[in-house]
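The two complexes that follow have chain A in common; it is paired with chain B in the first and with chain C in the second.
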Partner chain A sequence: MYQIPRAEWYDLTRATNWTYSYVTEEEMFPEEMSGARGIPMEEWETYDEPYKVTYPEYVAIQREKDAGAYSVKAALERDAYVDRADPGWISTMIAHYGAIAVNEYAASLAEGRMARFAKAPGNRNMATFGTLDENRHGQIQLFFPHANIKRSRQWDWAHKAMQTNDWASIAARAFFDDIMLCRDAVAVSIMLTFGFETGFTNMQFLGLAADASEAGDHTFASLISSVQTDEARHAQQGGPSLKILIANGHKDEAQKLVDISIWRAWKLFSVLTGPIMDYYTPLEHRSQSFKEFMVEWIIIQFERQLADLGLDAPWFWEDLTNDLDVTHHGMHLGVWYWRPTVWWNPAAGAGPEEREWLEEKYPGWNKTWGKCWDVITDNLNNGREDLTLPETLPYVCNMCQLPIVGTPGNEWNVQDYPLEFEGRLYHFGSKADRWCFEQDPERYKEHQSLIDRFLSGQIQPADLPGALAYMGLGPGEMGKDAHDYAWAAAFKKQAEVA
Partner chain B sequence: MTNLKDAYKQNKVGPIFNGGEVAQAAIEAAEWDNPDKEIIVVDKGAYVRISAEQEMIITRASMEEALGREFLMSEIEIHLGSMAGQIEVTPEQIRFFFEKTL
Partner chain C sequence: MAAFPINSNFQGDFVMQLVPVDTDDTMDQVAEKCAYHSVNRRVAPQPDKVMRVRLHNASDNFPRDMKVSDAGWRPTETLDIIFADQ
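For the complex of A and B:
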């Protein structure tokens, strides 16, 4: 039977705009949901998605992807890789699933918003597939860790983390709610699919897959790299939106949406992906440093794409490139020190050989971050674990919800960037975090950071055990050092040999 | 990497595959379909980055030749984890490109 080539019918069949007779266009596409910004319908109809897919193609291809990932899992299940994997790598997986899996469902809702409310028919079509993609990512990233619940309660946090008020969950939700759930369809296409998915998901789903593959974890590598093949397609929804905004005199608005998304994504990745790549992944399996991955995927690849679409580098670009050397080291030190407050076991990654690697990748590490780890190491080796555990909570930023960090050592430079708005004093960890707030104070002003909640008496008893209970962390869930301080003991042995 | 601020000023485009026979075939196809260009392949284990300056085309015909079987251009998505540059997909070819030259 003769079939008409797709190129000859695709544009016609996906052009599903029609003339409304029972409702007005404003009722059909409320501005709050659609975000057309006064740009007329004819302009949105020029939206040309670069990646055209039909439903039969979509189903056939997704079936192949799922068959690939699930068959790798099935084939390797008897191998029980998880039972012999390095504890640092286990922590990597547990942190990943908790931070990501349930947020995939939130992403499905964001795609659903575009599928219904985008004025561009091409956007609606691609977002229909995007909705299904994200549903798949939620399911598959809950199913894989579920097999390990028998091994530790921490694996259950794949499902639990986002339902709690753990500080890391508050931070992740604050970011994802902002770019996915509380934006109009056009802003979602730019902040989620362009800003986040053509940029940062590459770090977590391909960069980390390279480490997984090195670590011999082929199940995890095939899973996350399979997820990223969906991202590569539906991430293409933002580009055409950007082109339409720029062509219709809204470049400043487009730039602002991209910049907020990039900065907020960067902060989240500095606490999640940075420590995983540079500290948790066993030294011999690290394919590149976090900074090298960031340079490859964000600084070179993503920034080049921005330039091609007619946008500028974000105003904070120089700050961001400088921060690649420092921020995630501070975040890691904080996460490790406050280890009872997370659902995974942070690996210190500060043994003798690891410190050599850190100094090589980040010259000056020993005389800054290393000084803090020296004190921690001495305390552990002198039987004073108590001095390496927290008694209070760290001050967190009112934008990224993460600790306000600086570089330790002789040039200790931690700085608060405060702002008073409508009588309330806010604290931010950087100029860019404060700038994000200033772009839309109404959006952010009511949010209470974990510390705000603590100080206003919402967390009782007002001490660390009270905070741990508030965060939903029970026995067997609170993090401890992944290697039971073997890395610190290695220094003691070194000293004895010498 | 001394000047990260300007590191993006380059023009390499192309697909990044998460392995598989499609990635190997695409390397061959890229060589055939872009005869005047140097095709650079960087293998990171979990992903393979294939790139060329400014524009790279991979045709369905070359993919079929390299794979020795029928190939639908849309199948490329099964292993396409990411890409440098903008893309344009038709049933007969996939094209990676930059509009501007930096």
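For the complex of A and C:
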């Protein structure tokens, strides 16, 4: 049978639009869902995605990807890598699955919004594949950890985490709801696919894939690469939307959507990826520091992409660059200190050799972050574990929902950015977090942070055990030190030898 | 006498913390309550210093015997707790 060559029909089908006879354009594409911003249909029809694929091609490629990742998993299952992997690496996987797997389904809904409501036919076409991509990511990242539930209940948090009020879940939901689920199709294409996926998922997944191969975890490495190749494709939906907005006089708004998305993504990655790269991954398996990764993937590459589109670097670019020396160290120390409140076992990563590495990658680490870890290390070596566990809650930011942190020790500088709005006092961890709020207070003002919930009596009993119960953490799920304090004991041994 | 939540920013620590104080507490008692969650946990003690309370980023400290109820704070007010000579 004669088949028309792809080149002859592809452009026609991917750009197909039609004339509605039973409904108006406004009924077909409500502004709230489509977000056309007054730009006429002819303009949206110029949407030109750089990556093109047909359905048969898509299915063939995806089938191969799945077959590859699942067969690596099946082949290595007997090898029981998980039983001999470093506990820091196990924590990395458990943290990753809980934060990401179920949100892949949410991403599928976001792709669905574009597939149905985007006025650009090319966007609808791409997003249809995007919904399938994200569905696959949800399934594969639930299926792989499921095999390990027999090892620890923490693996079950791949599915459980996002159904709870754990502080990390609240933070992840607050971010993903904002950029994926509560925006119109055009904003989704910019905030989710351009802001978040081009920059940050790229980094999380490429960084993790590199660390996974280094650590010998071929199952995780193949899973991650399989996901990342989809991301690299569907992340390209935002660029053409940005071009259309800019060409039609909406540059300011395009810039704002990008800026909010980048800042919020940065904060989430500072608590998820930062600790993993600089503290959990065993020293000998680290490829780059988190800061080096961020500079390469976000500061340099992303800025270039923005410039190519005719956008500016976000106004907070300098703040972000400076925060690469601060925020994730604080997030890590916070997660470790409040370890009973997370579903994974944080690796302190603060033994003698690790601290040397940290000082080298982050000059001044010892006289700042190291000062806090000194007190913790002494307590552990003097039988005072109780002093290394929390008795109150950290104050969290009303935007990112993460602790308000800053530089400790000799260069103490921890700043709050408060705002009184309609009689309520909000606290923010940075100028940019407060700025995000100020761009659209109606969107954010009702949200209750964990602290707000605690103070309004939603958490009972109103103490730390009550908060742990509220967060859904049961026995065998609460985090503890991944290496049972061996890193602290190493200092004691050093002292004895000396 | 009533519970009153404040946001404690303790000198040398890395994070702000929710600390419940009492409207009858003096500033010295507020500092003590904040210190409980920072000193000997992540901040080394400084026994030769006193701990003073000020509004976040303010230059003046509150008088040591001033009561919370007289300080004019909003609930969850951010306070710096700093080591000082007197």
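Basically, the second predicted complex is superposed on the first by the 496 of 498 C-alpha atoms of A that agree within 3 Å, B and C clash if a C-alpha of one lies under 4 Å from a C-alpha of the other, contacts with A are read in each partner's own complex, and residues count from 1 in each chain.
Convention: a residue touches a chain if its C-beta (ideal position, glycine included) is under 8 Å from a C-beta of that chain, and two chains touch if they have at least 3 such contacts.
Remember, it's a predicted structure, so these values are computed and weren't measured experimentally.
By the touch criterion defined above, A:Glu43 reaches neither chain B nor chain C. When the two complexes are overlaid on their common chain A, residue A:Arg233 makes contact with chain B while staying clear of chain C. When the two complexes are overlaid on their common chain A, residue A:Glu253 makes contact with neither chain B nor chain C.
Judged by the touch definition given at the top, the superposed model places A:Asp66 against neither chain B nor chain C. Contacts of A:Glu359 after superposition on the shared chain: neither chain B nor chain C is touched. Between chain B and chain C, it is B that contacts the larger number of residues in chain A. Contacts of A:Tyr51 after superposition: chain B is touched, whereas chain C is not reached. In the superposition on chain A, contact of A:Ala7 is made with chain B only, not with chain C. Contacts of A:Asp177 after superposition: neither chain B nor chain C is touched. In the superposition on chain A, A:Leu324 makes contact with chain B only, not with chain C.
Common to the chain B and chain C contact sets on chain A is no residue at all. Interface residues of chain B facing chain A in the complex, by the touch rule stated above, are 1, 4-5, 7-11, 16, 18-19, 44-47, 72, 74-75, 77-91, 98-100, 102. Those residues of chain C whose C-beta lies close enough to touch chain A in the complex are 5, 7-9, 11-20, 36-37, 40-44, 56-57, 74-78. Contact residues of chain A toward chain C in the complex are 329-330, 333-334, 337, 369, 371-372, 374-376, 379, 387-388, 390-395, 403-409, 412, 414-416, 418, 420, 425, 427, 451, 454-455. Chain A contributes residues 5-7, 50-53, 57, 61, 64-65, 68, 202, 205-206, 209-210, 212-214, 221-222, 225-226, 228-229, 231-233, 236, 239, 287-288, 295, 297, 299-301, 303-309, 313, 317-318, 321, 324 to its touches with chain B in the complex.
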